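First chain A sits with chain B, and in the next complex the same chain sits with chain C.
Up next, the complex of A and B:
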């Protein structure tokens, strides 16, 4: 048995090394391609430019960066109230079996494939926005609403866990001093859980930033962002759209590496923020 | 318990890897390759036709396995240039020097491209100039072309699309598509968007039933030509192979270019009408 354990130890180390090596190779491919692109076309001129026409060697990705950040932040803003409300409902109001069933219910929604959210967006959100705004209905606002709905279950479950971690003694102390349930929630529970809730929000943001299909189905795919109500693109949706146009080996393909690198950079910033904000938790 | 939890997990990770490695080894080392393999890649508009007629050719030529995948015309041509595939399907004309190796081109026929609009726009015929201005975004309401009071919503395809290239070169000329146009990745998505969006206008390759949309007559015609092969907006999908290649690949390319079932999939023999629709 000891021999098997030792062998398994070695297999574990090899697996870890293999895993790390695969990731390093993947990132190296993207960084190398992006570096090649930056050397040819320049960093600032590509990021600051909004002109995208790869067949004419115009590689301005500014519009896609703005699109990604806008759609994700707007989705977060739309998701925060509902997610926190569901978190409070699941952690403080529902008890016992009801609480368990509620968590299961949210978990089911976490596992719904994103294409179904996109389909829902196409059949409900886009016509709704069209009716209200008298535009086509496709655009960053529709994408944000779909994305908000997608991240609400994840955000809610993580918020629910954050609220559960607030020590009972804090709550009992607050009630004991004469505070009402609402006062305790606003002034004790939510502030105490804030670092974990912020973490939850960042995890939700990371999911939103990387989402492609659901956003692609409702954002409209136009290469220049002009308003929340007109078609636009994000980094991920434009990567998807232009992969057939710029396959490996074609001049201009490396702009896709550069866009992928931007996604990695934005994701890294989110992870960094998450670690920074975790330090002050309860 | 015979295995620890960790052993079980590692087994689950490595088992399939080792098993696939063994079969991979079998494929290349132990057992000779008796079944010739070929790969086709390219324009999704031709995939329906290719997949439908391929089994008959495979039966005719004995044990041969052909893998077919989409990815778009440009990706298919690039893969042909680098030797990753044997046959590329493309409904765009590759820019000079794009392929970089000597190739043979077999035209499959004509794939009509149809201008479609939402059923509530109130017109069935538009002049060429009007079509251009509608796509460009100069005309913003259907009222201006004799239709109902509805804002115009342009639905287009991405730059990699063969249909877009045809509409751009043969209809739009120097005009560009509206900066507010909706870009959809497939013919099906264009049809759904046009059918569902009041005031929408778009264009599709007629490889599928065009239901719930208004097919527009463009130019001086009172209605779209009855014979699909006579429509003047069309893509010319073609099969590309390397000039120096296996006889089997040439045989398949010729078979695809000559099979009489092409019209069933929207690809018609070259017609008599030539020139621009406008």
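Up next, the complex of A and C:
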């Protein structure tokens, strides 16, 4: 082995150790803050409570957890038809050079900053919902529409790749047996691509759950979730709005760490699910 | 399939009957594309009339009608310094993961861990930076704190991109290089990095575009206003934060147009970065 090789081995080890060390410290900060909170306020009593009133030291984050999960799942449901249709269009209807251009076009939308989707929500979605429902227009429904459109590019590129991975021989076999193009799509291609599409959906869910700014702009920011059409909050938006209200040192500050820990746990569950579901199908 | 229509002379004409589902899906897809475009078109319609040289170069003013000059500088400099810090580290990490570590116990923990860090809300990073750097170390709400937050956000993201780039190089090339007597590091320097160079630049463009749009983590670390002169310790509002602030809290008469114009500047910057990095990658490959 050369001398430079040995030195560069050490450099890569150190870079990896640095990465691991920094992230362990960062997560330890969140966990220790959350631990402080749990010790003073209790775990079950704060998760199951819907009462949020920092001045009276009521720290029930149940409403935010419900809000986060509702908004994300609704966004996923709204995004599924469009994303799958875009996936089919890009992989089975368009051919050759058009496919590449199509993917490139969608990739641009992945890079559009989320604050622009939030701007779109405020300018287009909120006034629209306001006119249709005679409410303020701010609420989980508007947030999920914005979020749905935001995750469509990611979701459709991933499902497009999933559809492309279906072996050509399956399709030729199906057509050869006399199935129509439609029958092949519904009964062969989509089922064969399902494990990868589920994985794509989970990645989209993770992106939606972690989105802060686009949701915050349209959800209205009330601390109690009542219906889809009335202002509510999610874990991430409440973190954003309460950070200046609960600065470091104030007794309630550690509830923010507790909420961050919840987001970390939800993300871990999503990633774990991705690995579980990937193992079951090929 | 629909496009086979153009080749009708050569092939049997497929029955339209069996493809109704495809037509319906194509319809839904076009509707979704229209919705996606509806994000950008109102932005151009509202923002373009407001956009002029004065807007791009002047300083923002309390009562509106200012520009976004310092915001553009902040965005570009902060993202640039962030890449300067985190990209070399991420590249080293990716080299370790792809070139050194082949399915050990470590990799089994590293891959899902990286996945979790990638999907972590950036707001959490903002919270930690406020907790530690600003509250505990008494750093000012400034460009510097913003760069720290951005670097932490970008690190795992860049690792994932670089791992993806390095994995595209076939193992047989590495084996050929080793068989010719090159050491592992010689292989990396002489073969892997030159081959991956174009893709590294293209993916860095993606990372830069993502950081330019970062908002949540910067609101409380880099702040909501700009300093008199650019410096690391002065408050450093970026374009995305400015757009958020003007559109949600802005009280001026022209807040809407100003927000749209800011968004347009941001979008143009992002597209320029994506386009530029792609062109550069193509030029390197040629």
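As a working rule, the second predicted complex is superposed on the first by the 281 of 282 C-alpha atoms of A that agree within 3 Å, B and C clash if a C-alpha of one lies under 4 Å from a C-alpha of the other, contacts with A are read in each partner's own complex, and residues count from 1 in each chain.
Methods note: contacts are C-beta pairs under 8 Å (C-beta built on N, C-alpha and C of every residue); 3 or more make two chains touch, one makes a residue touch a chain.
Source: prediction; values computed, not measured.
K.L.:
With both complexes superposed on chain A, which partner does A:231 reach: first (chain B), second (chain C), both or neither?
P.N.:
Only chain B; A:231 stays clear of chain C.
K.L.:
Of chain B and chain C, which one contacts the greater number of residues in chain A?
P.N.:
Touching more residues of chain A than the other partner does is C.
K.L.:
One more residue to check, A:130. First (chain B), second (chain C), both or neither?
P.N.:
In the superposition, A:130 contacts chain B only.
K.L.:
Between chain B and chain C, whom does A:196 touch in the aligned arrangement: first, second, both, or neither?
P.N.:
neither
K.L.:
Between chain B (first) and chain C (second), which does A:55 come into contact with in this model arrangement: first, second, both, or neither?
P.N.:
First partner only.
K.L.:
Looking at the overlay, what does A:138 touch: chain B (first), chain C (second), both, or neither?
P.N.:
In the superposed model, A:138 contacts chain B only, not chain C.
K.L.:
Which holds for A:222: it touches chain B only (first), chain C only (second), both, or neither?
P.N.:
The first partner, chain B, only.
K.L.:
Tell me the contact category for A:92 with respect to chain B and chain C: first, second, both or neither.
P.N.:
Second partner only, chain C.
K.L.:
Looking at A:41 after the superposition, I want to know if it touches chain B, chain C, both of them or none. Which is it: first, second, both, neither?
P.N.:
neither
K.L.:
Looking at the overlay, what does A:247 touch: chain B (first), chain C (second), both, or neither?
P.N.:
both
K.L.:
Where on chain A do the contacts with chain B and the contacts with chain C coincide?
P.N.:
The overlap between the chain B and chain C interfaces on chain A comprises residues 4-5, 8, 11-12, 15, 122, 216, 240, 243-244, 247-249.
K.L.:
Could you pull out which chain A residues touch chain C in their complex?
P.N.:
1-2, 4-5, 8-9, 11-13, 15-16, 18-19, 22-23, 26, 29-30, 33, 81-86, 88-89, 92-95, 98, 108-109, 111-120, 122-124, 149, 152-153, 156, 180-183, 185-186, 203, 206-207, 209-213, 216-217, 236, 239-240, 243-244, 247-249, 256-257, 260, 263-264, 267-268, 270-272, 274-275
K.L.:
Would you pull the chain C residues touching chain A in the complex into a rising list?
P.N.:
Against chain A, chain C makes touches at 1-3, 14-15, 17-22, 25-33, 35-36, 38-40, 42-43, 46, 89, 92-93, 95-97, 100, 112-113, 115-117, 119-128, 130-132, 135-136, 152, 155-156, 159, 183-186, 188, 206, 209-210, 212-216, 219-220, 240, 243-244, 247-248, 256, 259-260, 263, 266-267, 270-271, 274.
K.L.:
Across the complex, what residues on chain A touch chain B?
P.N.:
4-5, 8, 11-12, 15, 53-55, 122, 126-127, 130, 134-138, 216, 220-224, 226, 230-231, 240-250
K.L.:
Considering the complex alone, what residue numbers of chain B touch chain A?
P.N.:
4, 6-7, 10, 13-14, 71-75, 78-79, 81-82, 98, 151, 153, 158-160, 179-185, 192-193, 196-198, 200
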